[in-house]
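First chain written, first letter: the chains are A, B, C and D, and each begins at residue 1.
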Amino acid sequence: MLRLDAITVCYGKVPALREVSLEVHAGELVTLIGANGAGKTTTLKAISGLLSLASGSIEFEGVPIANTRPRDVLARGIAHCPEGRRVFPELTVRENLAMGAYLRRDQAGIADDLERIFAKLPRLKERIGQIAGTLSGGEQQMLAIARSLMSRPRLMLFDEPSLGLAPNLVERVFEIIAEIRREGTTVLMVEQNALAALEMCDRAYLLETGQMVLAGAGRDLLENPHMRRAYLGG
Amino acid sequence: MIKHLWMTALAALFAVATAQAQETIKIGVNEPLTGAVAASGTYVTNGARIGAEVVNARGGVLGKKIELVIEDNKSNPKEAVDAAEKLILRDKVPVMIGAWSSTFTLAVMPKLVEYGVPLIVETSSSGKITVSGNPWVFRISPTSEMEAVAFLEKLDTFNPPIKKVDFLSVNNDFGRGAAAEFAKALASKGIKIGVTETMTPEATDLSAQLASIKKSDGDALFVTTGVEQVTLVIKQAAEQRLTQRIITTGGAFPDQMIANAGPAGMASYHILFFSPWSADKAKYPDVAKVYVDEWNKKKWEFAGLTEGFRGYDAVMTAVEAIKIAGKAEPDAIRQALWKTKLHGVNGDIAFIKQGPEGKESGQSVPNVYIVMLKEGKVTQP
Amino acid sequence: MDQILQHALNGVVLGGTYALLGIGLTLIFGIMRVVNFTHGELYAFGAYLAYLFVALLHLDFFLSIALAALAGFALGALIELVLLRPLRSNDIDTVMLVMIGAWIALQNGEQFVWGGVAKLVPSPFAQEPLVIGPVSVAPLRLFVLGATLVLLVGFYWLIDRTRLGMAMRATFQDRDTAALMGIDVRGIYTLTFALGSALAAIAGALLGPIFLVNPTMGNLVGLKAFAIVILGGLGNITGATIGGFVLALVEEFGAGYLSSEYRDAFGFLVIIAVLALRPQGFFARKARVG
Amino acid sequence: MRARFGGLLFLALAATLPLWLRDPYFVAILTSTGIFIIAAISLNLLLGFTGQLSLGHAAFFGIGAYTSALLSLGFDVDIGLPSPVVVDPKPVWIAFFGAVVVSGLFGWLIGKLAFRVRGAYFVIVTISFAEVMRMVALNWVDLTEGPMALNNIPPLSVLWPGHGLTALVTKSQQYWLVLAVGVVCYFLVARMVRSRLGRALIALRENEPLARSVGVRVTHYLVVATVVSAAIAGAAGALYAHCVRIVDPDVFLFIYTVTMVIMVVTGGKGTLAGPVVGGLIFGLMPQALRGTAPPEVQWIIYGIGIILIVFFLPRGIVPAFADLARLRMPALRKPASLVR
């Protein structure tokens, strides 16, 4: 479905990613793990068009999408739920959700999706008129996820969805992501919480200082000695 | 690399300054052609252009044609100094005309002494210009004091008579000077002085000043500023139902009000140094006619005539002095200016001595006209 | 008392147009982070177009104002596309310098086309002032006040209630995330600049007939628009609206009761005071659009 | 090494210029350009090395001009004290240094006030400050003569062996004076930039939070830089007062600040040579354009010139040429001394 072939991304003259390749098949839940600054977020930004490539190619369903604008990537069916609960703090919950469906014109479909999301996340419905910046951290993360879903993506990119959340909320977020995947949306997730991510994913990739060092099924990586030593606390 | 740029800059400058053969007599013109007071400076420059054309059509002076070297002082005193230095050092003009505003003229004056070149001052009204002991300055425009004194003779044209006056002035030499001199002159005739308000030259909304003036029980308001603000004052005074008669000083005339008249019954009075509506009533109508005809031939704005004559008269004065001097050299022209007497558009031009002895400046005593503007019509009462 | 009412009325009429100018600038400032030195020139541009349409082409007065606004929109879009879009990745000073260059070129372009002589835009309204109790006001000024109020309400509606307004607010708050939502951020920039320019042009077209039109008319107005933006807080539209009225009233009463000479200084003194006491502006909860 | 040689050659050329270039007009415009180059050097200290864009720099220039003019002319002003403040005319050099000190004090004041805000707010505070100064100069007529301007300001003088105290009135004398002050300011800024203070300033420009976290006293350093910058601008203003010999409120005009900013940014902000190169170009360009086109067209060319330089050399002329030189001459990979 998604295929990154030896992509290199630079900030100024400094390469942040060097020849990274990665693949996500339809229906999979793939995670990308690595330490702070390893290039995980950069990878997602390159996919969604926020960053341009120095070299390499990205294909989505056989169509090259590297170096296109974010709105075109989104229009093809890739939604990117950014790191750090980036809701629009001064818009209401309703407006935030509407922003998620910005490219869609089918009012009826939007209304249906809104109902389904509210069924899943009733808290958001209660706070529909509230300014997003006044929501709690967990609620903001739910809103950010819900907002991404509003574009009806076929592939969802999650960037550190558990970052800064209380443990019970982390669990809830992962549940929701698993549910999204069960309902047929392919997921590529970046996580620092390697243990949880590896447990829930089909396949995983490990990034270190801008380079792909390991790839394999989640279970296999859990057993990998380097992985255990460096990321799973022995 | 730096050297390279340096040389390029030098080359550019030399290219511009290709010296011309000495077959013409140059007169420097230092006027604001861009910036805040560009409009008036352009009028005066146009008047000077006509003057040069008229002189050249009559065969020039000393057998040579006149050439105006026109420099823009960008409505800024520092640029006025730069322009003067350029005219003196680069173009080697033996006499200059300028520099419109008193501030620009005052800025240029030390340079006259430094290089020894006479300046014919065509517009500036500050008293300081001719009393500071600068023997290179010859002014054909009136000081505010002269204008005020001349105005006193026209007092009976106002009916009912003026009993108490208020002032609204632009807060520079021109405005403040006029307010002070008119107050002094009018007080000497027993007329009472009410409020004095000022405004910055760039101010457009004068409602606050007018509201304060409205409180006064004066029967005439003297307004001294450029033509644009004069127009604004008259329009806004009508809006606020000011009861005072408006009298403007300094030669500004709101020509835009002719096509776009104010409310019915409203009249304003304007002290002018030349009235193109009644050129036949000028002191030397034949002189005025030549100037007006040439101006109209060029299809320039009629309104510009009220200021353009300054440039015309200044060029004529310079030419007359060159003729008397018999040569186009600065000091000879300076000495000749003291002997110069001619009929100008405004009236007689001849210089009297002002300022400290031994270093006197020249000052001509110009004529003053009053016109009335009412419902888009101009009359000379 | 009469005086107070008269000053207040004058201040409110002027304040409306200040608000239009301030909103346009704060929008550009807030969304694009561009210190826009051409704002005052767009104001002069609008005024000159009003003169062109009304006095030279004898078009309908109201139509002329609308056309001036449209032309301002187009010129703004052009400036954005030609000058700002290619410089998107440069720092604020570099972009600012380009805007200064554009400002100088535009202002002198106006003088080149129109000459330095001020123009008067004729208005279809009666010259006789309306007298309402103790105060008097020209019908033209009342029209200007009405028009600015309608524009202000319309603008609030645009920002608050429309999809486009929402996209603009979203872009202001988080550019990257807005892009991820499918917003054409570059398009929003062009539109923002064009819209802000249109507001400046319409302010010029409305004030042109009240005052006079000349090439340097934009200078002081441009500086005042900055003052209003700071007073209201960066990117804060409500702040800019209130700031516009506050500045006009401060000037009007300051000139009326303290010193008319310092009229134009009051605004700047207020800014220094505001920034000394409350660096984020009077009305800013947080910098925001909307 | 080579750049240093270029610098020396430039200096030698500049110092001997009135001797071999017998064109007093050109010397005159170089003098007035030189004054603005000094002001641009001072602005560069703030804009280039701390990244703070002061758009009110003409205020310090104007304060310097007025202070020096007023001290050398003397004044008598009533400020509501029991007796009016009377200052007798002071020798010109005392007036000159007085101007430097007073401008520096204002720099301290503005630094303290304005560095509570950054970025766009700082820009506006500085613009407002200059406008207020202009209004004060315009309206405090008792002190400043308002729009009537202070004139007949005495020229600066030097103690010339054998001649006693000599007033510097000729074009060449003024040129050398400006050049001398300019060179002193240039090396002062160069020394500052290479000192501990300079490194702190650059750290600050590059990454303020980081600089803060490693203990750089941010506000303190910014204020010091502003004081020095304002003092140099004040010196330029004082030179202006004694060379042009008239000071009016227009010295506070925004266009003067703009001129300085243009000189710095087009030349290359944050480089020592930048303001000099940018200053020469944009100081001489208006003079070179004189007479080539109608005045407003000259301005249009000037405006478009700024835009083109920014478009094609966004970092400024000096860095662009330095890159070029390094590309051509691999031996010069190390930053050239004049440029860094």
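To be clear about the criterion, a contact is a pair of C-beta atoms (placed from the backbone, for glycine too) under 8 Å apart; a residue touches a chain by one contact, two chains touch by 3 or more.
Treat the numbers as computed from the prediction; the structure is a model and nothing was measured.
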Touching both chain A and chain C: give me those chains, sorted by label. none
Maximum centroid distance from chain D, chain identifier (CA atoms): A
Of the chains present, which has its C-alpha mean closest to the combined C-alpha mean? C
Centroid spacing, where centroids are CA-atom means, of chain B and chain D in whole angstrom: 35
Averaged-CA centre spacing for the pair chain B and chain A, given as whole angstrom: 74
How far is the middle of chain C from the middle of chain D, if each middle is the mean of its Cα atoms, in Å? 32
Using CA atom averages as chain centres, what separation in Å is found between chain A and chain D? 52
Chain D touches at least 2 other chains through residues 135, 138-139, 294, 296, 299
Listed in rising order, chain A residues that touch 2 or more other chains are none
Spell out, as numbers or ranges, the residues of chain B touching 2 or more other chains. 33-34, 171, 200
What pairs of chains are touching here? A-C, B-C, B-D, C-D
In the complex of these two chains, what residues of chain A are touching chain C? 48-50, 69-71, 74-75, 79-80, 82, 86, 88-91, 95, 98-100, 102-103, 147, 151
Chain C partner contacts - residues on chain D that touch it in the complex: 47, 53, 113-114, 116-117, 119-121, 123-125, 127-129, 131-132, 135-136, 138-139, 254, 258, 261-262, 265-266, 269, 294, 296-297, 299-300, 302-307, 310-311, 314
Chain C-touching residues of chain B, taken from the complex the two chains share: 33-36, 38-39, 41-42, 171, 197-200, 202-205, 207-209, 211-212, 215, 227-228, 231-232, 238-241, 256-257, 259-264, 301, 303-304
Report the residues of chain C in contact with chain A in the complex, numbered from low to high. 163, 166-167, 169-170, 173-174, 176-184, 286, 288-290
Chain C to chain B touching residues, read off their complex: 3, 6-7, 10, 14, 108, 111, 115-120, 122, 126-129, 131, 136-138, 141, 207, 211-212, 214-217, 219-220, 251-256, 260-261, 263-264
